Each structure stands twice: as C-alpha cells, then as structure tokens.
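Input: structures, listed below.
In the two assemblies presented below, chain A is common to both, partnered first by chain B and then by chain C.
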Partner chain A sequence: MERREFIKRVGAAGLAITSSVAGAAWLYDPRSGAEYFRNRESQKAKTLRSYHVDRAQGAVDMAIVRGKDPEKMMRTGLGEMGGIGLFIQKGDIVVIKPNVAFDRPPALGATTNPDVLKAVALLCREAGARKVIVADNPVNQPEGCFFKSGIQQAALEAGAEVMLPRESAFLPVKIGGEVLKTWSMFYRPFEQATKVIGVAPCKDHNLCSASMTMKNWYGLLGGRRNQFHQQIHKVIADFPHMIKPTFVVLDATRILMHNGPTGGRLSDVSEGNTLVIGTDMVAVDTFGYTLLGRDPDKLDYLHLAETRGLGSTKWKEQNWREVQTG
Partner chain B sequence: MRITHTRLISQIFFIGLFLFFAFIAQFGYLKGYPVSLFLEADPLVALATAITTHTLYRGLLWSLVVLIPTILLGRFFCNWICPYGILHQFIGWLFNRRSIKERIESNRYRTIFALKYYILIGMLSAAAFGSLQVGLLDPISLFYRSLTVAVLPALNMATEWIYIQPFEYQFAWLVGFLLFFFVAMNLFIPRFFCRVLCPLGATLGLFSRFSLWRIERDVQKCDNCNLCLQRCEGACDPHANLRKSECVVCLNCLDDCPHDALSFNMLPPVAHEATLPDLNRRRAILAGITGLLFFPFSRSSGDLTKNFKKEVMRPPGAVAEPEFLARCTKCDQCLRVCPTNVLQPAMFEAGIEGIWTPVMNMKMGYCELNCTLCGQVCPTGAIQKISLPQKLGMGEFTDPGPVKTGTAFFDQGRCLPWSMDIPCVVCQEVCPISPKAIFSRPVEITDRWGKTVKLTRPYVDPILCNGCGICEHECPVKDLRAIRVTAVGETRSQERSLLLK
Partner chain C sequence: METVISCAVLLLIAGIGVAVYVKGQIYDPGLFRLDQHTLGKSQPAVKAPVGPQEDEKPVTSLGTTAPAPQAPSTAGPLDALAPRGWKTMGKVEQFTADSLYEKIDGRAEQYLDYKCVRLICTTLVNEQDSKQFIDVSVFDMGRPVQAFGVFSVERTEGLPAFALGREGYRSEASYFFWKGRYYVQIIPSDRGAVLAKASLDVAKTLEKRLSDDGDPIWGLTALPERDRIPGTVQYFVVDAMSLDFMKDTYIALYQKGGAKVMAFLSRKPSREEAAKTLASYESYLKNFGKVLGKRETDDYTLITGNMGGAFDAVFRKGRLIGGVSMVNDQSIAEKAALELLTALHGKD
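Presenting the complex of A and B:
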C-alpha cells in the first residue's frame, strides 16, 4: 500500500472517531430526574413593563361620558382627564385590547363596539402614536371574530394594525398574581409596546356576573385558560398584577344585560349610551357594575383587588367627572 | 409557437388556478370565487353522482365543459387541465430518465394500464346501488384531499402561512403517504397514477372512443424509429395503431417525430386505431361483481342503521346518511373551508363507505354558529347550501327550527361542579345560543371538610341545544370531556331524533 493512501484512509477513520467523540461530549447531559424537571421549569418568563403614566396631582382619574357619538364622547372624556396628549406621546407604540371574544355582529353587544375602538385608535394616531396595534385572542375562531365584530374594519379605518393570535405569538409571561404566577400570553404585540389601552364592553357573565375592564385581560392569555373558571374571582383580581394599562375604556354604548358573555339576541342588549374612561380598573368596574343594575358590594373580584391594593371601589371619593355630549 | 408550448401554458395556468382556489378556500379570502370549479367540472363526479342520486347537482353541469371537448378531441383534460396529471408529468420531468432508449421503453403500453377501467367499473357498479366510492381515486378529489389534510398543514408547520392557529387532521399521515406513494411511483412507471389507476382517465378514455380528432401516423413517412415514444405521456402507441382511450393529447409525439409522420387529424381511418380500451370481458364482469358485492357487504355492518356511530356527526346542512354516502365525493373541501378544524376525514367511524368523508370532532374544533361555509363549497350537495337563517331557525325557518348536528350530554362523573365540588361552567359561558342551551342551578353544599361551598351545576336543554359542540371543545377536562356531543337528535334523520316534536 502506498504511504499516501495509508495516511488518507487511517486519517479518515481517525477523523470519524474524533468527531463522534467530540459530538457526544458536546451533547452529553448527565441531568436526570428532579434535576431534569427543575431545568425545564426555569425557562425564563417575560414580564410586562408598567404602561401607567404619571400625571399631575389632582388630575381626573375617571370620566363618565354620556352621549351617542363615540368619537365625540372619547374626545370629551379624555379632555376632562387632561387630553389624550397626557397619555399618548409622539412616537408611542400603542396596543389596544378590545374584547373580540365571540363571532358576533356588534349589535349583539358581545364584543367591543367598533366605533368606540375606532375613536380610541384615531385619537392615539392624532396624538402622534407611531403605531397602533389591535390585538385579542378570541374564544371563537379569530378571523371570524375580528371580521364579523367589525373590529378589523374599524382598526384598519383608523390606521391601526390588527394582530391575530398565531401560535408563535405566545410566550410565558409573569403574571405575579395570587393564583396565576406565570402563564402563556399573546405576547407579540407587547414586544415593542410603550402604551396599552383596554377597551372592554360592559357585559353580563354567567359565572363571574360581569365582564368589564378587568376581565377583558383574560383575552390576552392562552394555554389552558378554561381552568380560570375554577377560581374566577381570584383570577380576575390577578389581572391588575399582570398589566398596568395606560388607561381603560368601559364601552357601555350597548350593555349586554342577559345571557352573557355571548348574548345572541337583540333583546339581551340595552342601550347604554355611556363610556367610562379611567386609570383605575377597579373604580371603573365598580361604576360599570351599577350600569348592569347590580350591587358592586356583591362582586367578589372588585373587593379582592381592592384588598390587594390594586385599585379602589370608592370611585366617588376619587377625582371623577360626569359629562354629557350632544 | 409550437402546440406543445400552448399546452404547457395551459398546464401552468390550470395547476396555478387549482392551487390558488385551494389556498383561498378559507374564511379570510373566500369572497365570491368559484373555488369548487375543478370538482364541479369533473365528469366522473358528475357521472357517478348522477348514477347514485339520479340528479345532477347545481354546478356539476360544468362537467359538460370537459366532457363535450373530450368527445371531440379525446382525453385532452388529462394533459391540459387535470392538476393531478400535471403534477405527475412535472415529477416525471424532474426525475427524467437519461437515455432516450430507456424513455422509449418506459412509455410502451402495458396490460396493467387496463386496471383503471376495472377500477371504474367496480366503482360505478357500487354507485348503481347508491354508494359513491369514486372519490377514493378521482384525481381532483384525491388531490384536493391531499392538499387539505396533509400538504397545507405541513406547509403551515414550516411557515405559519396557511392558518392563524394550526389545523390538524386525523390520519393525515395516511393521506400524505398515499400522495407521496403516487408521486414516487412516477420514478418506476411514468404517470403511474394516470395510466394505471385513474378512474377519471378511464371515464374520459371511454368517451374518447367518439373523438373526431386523434393522432394519425403516416405509414409512408414512418421508419419505425419509435422516437415518438420518448415523451409519450399516455403510453398510447403512437408508433403503431393509436390507442385512442390511452392518448392524453399531450402532442409531444408531433414534436419528436423526425420524419413529420404524425399529425393531429380529424376523422382519420378507423383501421389505424384501437378505438376501445384493451378490456377483457371476464375481468370486467369480475370488477362489476366486486362493486356489486361491496354494497351489501358494507351495508350489512349496520353502520347506517342499528349500529350507527355516535361519532358520525355530519356538518350542518348534511343530508341523511344514506344519501350522504351517495353524494359525498370525499374531496374534503368542506374540511378546508371550515374555520375551526372541527371537520375531520373519517376513517371507519362511518363504515368502510365513509372513509375520508367529513365528520365533526369536537376535540379538534366546534361548529361556528354564524357559519355555513361547508355547504357553500360542497360540489355535490352532500352538505346542502343552507342559509344562515335556515341554520339558525330564524324568519321563515322558525317552524322547522335550527339545524341540529347532535345533542350535548353531561358526563357527571367527570364534571368538576357535579362530582368534585369545584366551580367551572365554561360550557355555559361559551354556549352561543340565546337563551343558552346550557343552564345551571345554584347549589350550596357542604364539602368533605365541613365547609360550605356555593356552586352552579350545569344542565343541557335538549330543545335548545344544536350540537355545535363548543361546550365540549372548551371543557377543561381535556381528554375525555365532561360534556360531549353525540349524533342523536340530529335534524337530518328522523331515526336519530331524540325528542318528540
């Protein structure tokens, strides 16, 4: 055998052995049992920053606006609170979270009124927001919900972008609540967000009595969220731990009085002609519950959240305004 | 420009159109596009459903647009329009054999190519009894099914281009493997599927006996070089007496003949052709008997009568089961267009006749209340084109009431508030009916530690429940759900009704 060929063949065999050993050493993982599972759990969860904005002492925290024209109502209400400019500045990326949970037309009151969403998005654009993202993870099939609720159309008309809950858009997020510690959340919209606004319809709910601005955040979560119902009040009171929105809007232009949260007949809906804008979700929902004709003293999640210092049910003691628009 | 170039343009156009229609057949894109056009223009679907139902459903009239030119020109459809044929030709081209000699040999006629006629005879013989099985191998249905069940979900896995939330189908691997098998067989026998198995090709082959035009060989000019076989798609012996039933009018032989001996002529002498397919009477009778026996053997399992399966929940608007099996061509376009993934290709749930027909699996999805897309796209009326008021039982349909696809039942032993003192009622929350078909009764119980627990326990109102299954879909008892929908109470069948009405 030629020396040249000998070196070539032995060299090739040697290289094959060396790379096998190197590959095995590189991939070697001795952890097993408890150590293995601990390693799995320690995957890092994202945390949402606070989207709250500080305003001057004595600024109005809550505006109750009565009227028929959502855009005028939003302008007036925010005007009472110092103007949208106090909340949204030039260059902001705003995430708006409507409730688009169900495949329903707007008149059935199961989803956020598209005119209200449009007004909020328009005002953000006017205030100089660089981008407005409208996002929700519906219960029904997402494309149908965004289309039939009119939310997609409204968002596009206002120059906002609709983000649909694709599988890859979800990441584990730190909730930091009493029941929910970390949970899979529709995180992609929040990757760049600098401000967050919740726009929730005012609805009857079969289990927790009412779905308003606090319950609205349920719609950002994924995973096995249908387990929340087992401790629904505690879980709803966990949401203000998870997210500190810039402000919230309770959309009571229509109120779903019965058969919530889905509704289904026009007779389930009553004219509300009201918007409530506020920075304290507990306060907004306490007032909102009276719009359903119910007694806020009896709504557990409000008091749980108040006890945890996440807001106040005593909205009347706060700085609030009620205004009527034409 | 050569005629074969025109053919190539036609092929690119039609496979593009087919894939475009398949891609847009979903909620977000489906506007007024005639996405069912290929299925409706399929003469085999038209012929076989005409045999099973004695009618030609709506858009199936389009099949004449394919059939009439076939009677004039032969099987041009197979090599000018059929997307599945185009796929196979493309694969054959991609994995081209190198030597001309090998190619000539691979394109000679073989007796096994007559198998497709026996398959057709067997399927039509079953159809005569009311069992539509052509969809198993009909190339349009087969290709559409393969795209829907296997290809698009796989593509979505890699890209997220197709769905917002991933769609999955039971036994997708089988559908995917069959597609792979038929495609891979081109490496062994070019156009294997088209030449050996295709019942649509066989149908058109039978009709092409009438064709006025065909390839004609001028024996004076021909020197028997056999070069006309090197790219012959049909394996139809253009070098000898043309087998009219096999020729797919690819016209490659016109290009390849070095002596200009071949032409596409009107009314050439019958003496120069094999007008009919190469059929053996005894085998044909055997094929007919197979189809004939298939019917009683499959029906005697009782799948349509006493032993009907609770899992066989058909989409809203579906006709009663015997007629459903006479109409459904297993194209699975309804699965494609369904926005929730609830529709699944059956395996044996609906009996052997029901393979790949649509059934609802509430673990995979649920029937969206304000949606009738499956019936809009069904080419054969297995799922009727119902309107939303008809589905919901509104307006003029108040009296017949809503279309029900089944009824929900609680499994109290698995239900959290019923057997474990834990609050839940997700089922009631998501029920889309107003007033809700799931209602609850508040109870105050003393738990095992003596603590008082307030709960609401859910019940089904069978009069209101339409069997949409969103309750089952959302039930947190993830494996065997604590509320499950079964087929009983479905509107389409008196025998399977539940309540006296």
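Presenting the complex of A and C:
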C-alpha cells in the first residue's frame, strides 16, 4: 500500500471513529428509561383550563338544599347562587362528570342519582348549552356501569351525550399535585369543554372514609390508578390542582353510610334528601362529611387541600344558604 | 469481496441505528429482549381480547342491555343459574386477588386482608323487564374463617337472619351468606316481590352448589353464647376496635342487664405474643385514658381502664387476649370481663 493511500484510509477511519464518539456523547442521556419517558410525557402533557366562573363579590358560594324533587332542588339551589345563567351561557360545551364507578343500581347509593344528573343536564340545556357531555371512566366495564346505574338513560333523556372511555381518549395531563404530577386522564370529553360540573354521591369509602366531590375526579384517571390507594388522601388533595370546575354538586339524596364505595345493602343507604351545590369543593365536602355523621376535623384530605390553598373547610365563614323545597 | 463485506457492515450499522431509534421512542424494557422461556417450549396462543369492539362515537341511542364483560372464565357454580324467566347477561366474570380491584376498586383491600383467592360474578336479567337485574358474586376466601370474617364485617347490625349456608341475612331483596370457604352476595336492582322471589331462588340454588368442608370457626364456639346478641359476632384480621395491635380478634355484643356490652377475644400463637398484645393494650390505656387497676394471678392478668367515661377491661389468660370495651359502667365492665374469663376455661 502506498503511504498516501494508508494515510487516507487511517484518516477516514479516524474520522469515522471520532464522529461516532462525538455522536454518542451528544446522544448520551444519563436519565433512566423511566425518567426519560416520564419527562417526555410531561412535556407532551395537556393542561386543563380553569372552568371557574367569576361572579360578583358577595355572590353565594354554597347552597344546601333539602327536599325530595331533585330538579326542583337544583333550580332552587342554583337560584340562590344567582341562577344557572350565571354559570352556563348560550353556546357552552358542558362536561358533567358523575360517579358511574360501579355497575350498581341507583338505589344502592354507590353512584350518582340519575335523577340528579338529569336535572343538572336539563338546566344546562335550558341555559343554552350547545352540547352537554356526560363522561366517566368506571372501575367496572363502562357499558354495564352506565346502563345499570341508570346514568345512560338519564343523560339521553336530558338530551346529553354519553362519552364512554376508549384507549385513544386518554392523554397525559399535567396535574401538578404532590403525588400526581402528570398522569393519564380521560381527556377526550374536555377537548372542547368550556364548562365542567362534577356531580358526586355522598358515600362511605373504606380507604379514605368518604367519597364526595373531590374524590369524584379520581374517576377520570387512567392507567393503574389503584396504585395510589396507599396515598389516597394526598391524591384526593391533588385533584383541586388538576381541575377547577364551574361548580360541583354533592348528591346526598341518598347517602351510602356503610360498606362503601361499592355498597350492596339497601339497609346501608339512608335517605339524605339533600343536595349541596358549591364552587369550593373543600367547603362542600366539609359540610358533606357531617351528613355521614362524621367529624370533618378528622378527614385528612380536606386539611391537606386547605393547607395548599385549594379551598376552605370553614364553609360557615363563606357566603352560604340553606333552603327547603316543597 | 471487500465491497460485499463493507456493505454488509454498513447495513448492520444502519440496522442498529434504526433499532436504537425505535427503542428510544417506545418505553418498553422488554423490547428486543429474548425470553428464555419461549425457547424449546410450545406456548399457548395469546388470547384475543373478548367483548365487543366498540366504535369511537358517543352513545346516542338507548341501549337495552349491557354488553359482555371483559374476560371469559369458568362459570362453575354460576353456570345456568338463572331461574325461569331470567337469563344471564353477558358472561361470567372472574377476578383473582391481583385483579380484584378491577371489579370492586378500593374495597378490594378489605377482601385481600381476608386473603380472597378469587371472585366469580354474573348478572341475571329479567326477560320481561331488562331494568330488573340481579348481581351474583361468589368470593372464594380460601378458608371458612376468612369467609366468615368478611361476611361478618360487612353485615349491618339488626338485619334479619336468614337460613342460608352456615349463616346468612337478608336486606330487603338482597341475600348474603357464607358457606365453607365461600362468601356470597345476591344483590337485585331494586326492591319488590318479583326481584325478591328471584333473588331467593338464586340464593337457594347457589347454596346447594357450594361445598363446605365443615372446618369450625374457633371464635364462634369460644365466645360464650349466654347473653350473646345473635348475629353480632365479627372477626377482624386487623385493626379490631380500630386498634392496630389487635389482630385476629373476634368481637361480639352481649346484653348484660340493661346494657349492651362489646366483648372481644383473640387467640395468639404463643403466650409471649399474648403478653406483648396485653402490654400494647396497657400502653394504649395509659396514653389515651387512665389505668384504674391491674390484677395479676397465676392464671390471668386483668387490667381496667377509663377511656374518658367509658371503661375497658382487658385480660390475658395463657394465649388468650380478651375483655370488654367502651362500657358505660366500670363495675359492669369488670364483671363482664370476669364472666368471659371464667367461660374460657380450657379454650386456650
């Protein structure tokens, strides 16, 4: 081999080696695979906008309504708070998130009372909402849950669409909580939503003591969400980070007093005949816990959320009303 | 030849580059990993997902029945269970301890405390009225004591007993019972005579199909029957009376004169374990109340405490830890504890 040829080949080899090393150094990432993908997911993650509605100072923040007719109760309660028109405007796309977690009949109190859901959906339609979507990501098979709970029928009778969870409907969402930073969520219903209303039953829960309006949003999580059961109070306190709803309804028309969250005995259900409508989930749940005959001072997730400035347990210091319907 | 080899090497490098890129886009540590177990063995075919393949559009029409649940399973005792005029909705579902939460979510933790092995469940629907349905769940708890345990902690006080299995009760049209290692729930969609009759038919049919090895439940025989309020015995594997040191404990209510007294009893694996538990109880009394007295004999140790106006009296006798809790009157508490102690002669 001639010297020139040798130098050429060595030079080319050296260039190849140097480029490879430089390329590898440039591509090198010290993070673990899980960390890398978590970071990437986080960058792709959506953020839910705030669905909160600003109202005039002095507006009623919470209405406690007693009665037996859910539609009448909703109208009366929202009337005390300024009327549905203050929250829902013509052309709004409203997502209503009930609790349809289990394939249980409505009488057992494990899911949202379909009559309450229907009332909320009807009022939204009356206020001029362009579309009302009812959505949840149940624990059990979605079709069975929506059917057996009566929610499907109630939604359709009120002119709402039922959106069932499909794999493609889940996206990572930035939550920014203490435990939940970014997590897969049933996002599709919220893509075009301009208003969001949570409608949650008031029920016993064997892990966190009570499932009410804050816990209701757990039902939007995807993936292996049961892994959070060991930190359930912290996770529940993360939900007001994730979502700022237009308002929430605590459905205490029936109250599952024992053996929650699934229930199973009519004897565990008491007639609560109450709806609590409010813009502060912490306040609503603080009052709601007393309907279970329990002391809100002992419910950890309320105080965690309050400490983080996500609401107040001192509902009596807020502007609230209690009314009785016929 | 040199050219061919060079091209092959270049293609190999390009292939490696593509593989690196692909792996970098998908978080799957198992991608490209060779599973040693697949070598040289025939593997069962991967099961295709069952259930209807739904399209993406929202539901806009009223459905009449719910579609099939996710996984096929052995129907076992739930096979052909529907009474005349009823039919099975979808397929029988089966869940193991690992997947139990997929059916009962947070409630699974309680069942796992009691070592649930498996849940099989199905729904029966009225052929004349699809809004009437009955959910049937059979929990295989592994052992009779575990079946009794979960049955007892879910039972609401005051519900009428019903002769099903070893013990059962009725709540409106719902039936609950345990038999052998099985705990059964029959839950209809609502009240009413039609549902009540169908639920009862299902309960009786199912009860006949389930086996029972006859293993006795120690606590049910050890706790004295005299003055015991029927249907109040409960078995806690953990956190009896919300005390973390009280494991494997039976609780029952007794009528002592005009007062209801809660008695508890636990048999520990050894005297040392029992002594440790008693020490924990004593610390609890000291920390949250006041110890009023401690009596030690060759046979037993008895400690009485005042928990802010309600009285606890706890004893250790051999391997047994027992006593009464939250009794309004100190003398009633002490008397009831001593009666229990006397009745336990020979049961440790």
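Details
By our rule, the second predicted complex is superposed on the first by the 283 of 326 C-alpha atoms of A that agree within 3 Å, B and C clash if a C-alpha of one lies under 4 Å from a C-alpha of the other, contacts with A are read in each partner's own complex, and residues count from 1 in each chain.
Note that a contact is a pair of C-beta atoms (placed from the backbone, for glycine too) under 8 Å apart; a residue touches a chain by one contact, two chains touch by 3 or more.
Every value quoted in this text rests on a predicted model; they were computed, and no experiment measured them.
Superposition of the two structures on chain A leads chain B and chain C into a clash. When the shared chain is aligned, chain B and chain C each come close enough to touch A:Phe147. In the superposition on chain A, A:Ile133 makes contact with chain C only, while chain B stays out of contact range.
Within the superposed three-chain arrangement, the count of touched residues of chain A is higher for C, of the candidates chain B and chain C.
Once the two complexes are laid over each other on the shared chain, residue contacts for A:Met163 go to chain C alone; chain B is not touched. Once the two complexes are overlaid on the shared chain, A:Asn226 sits against chain B and chain C alike. Of the two partner chains, chain B and chain C are each touched by A:Arg265. In the superposition on chain A, A:Asp103 contacts both chain B and chain C.
Judged by the touch definition given at the top, the superposed model places A:Lys90 against neither chain B nor chain C. When the two complexes are overlaid on their common chain A, residue A:Arg3 makes contact with neither chain B nor chain C. The clashing stretch of chain C relative to chain B, chosen from 9-17, 27-35 or 207-215, is 207-215 in the chain A superposition. Residues common to the contacts of chain A with chain B and with chain C across the two structures: 102-104, 139-141, 143-144, 147-148, 164, 166, 168, 205-207, 226, 229, 232, 258-259, 261-262, 264-265, 268.
Contacts from chain A toward chain C in the complex involve residues 33-34, 36-37, 101-105, 107-108, 133, 139-141, 143-144, 146-148, 152-153, 156, 161-164, 166, 168, 205-208, 226, 229, 232, 258-262, 264-268.
Note for the complex: chain A touches chain B at residues 102-104, 139-144, 147-148, 164-168, 205-207, 224, 226-227, 229-232, 258-259, 261-265, 268. Across the complex, chain A is touched by residues 27-28, 160, 164-166, 339-340, 368-371, 416, 422-426, 428-436, 440, 456, 470, 474-476, 478 of chain B.
Listed in rising order, the residues of chain C touching chain A in the complex are 27, 29, 51, 54, 56, 58-63, 65-67, 69-70, 90, 101-110, 123, 133, 135, 154, 156, 158-159, 171-172, 174, 176, 185, 187-191.
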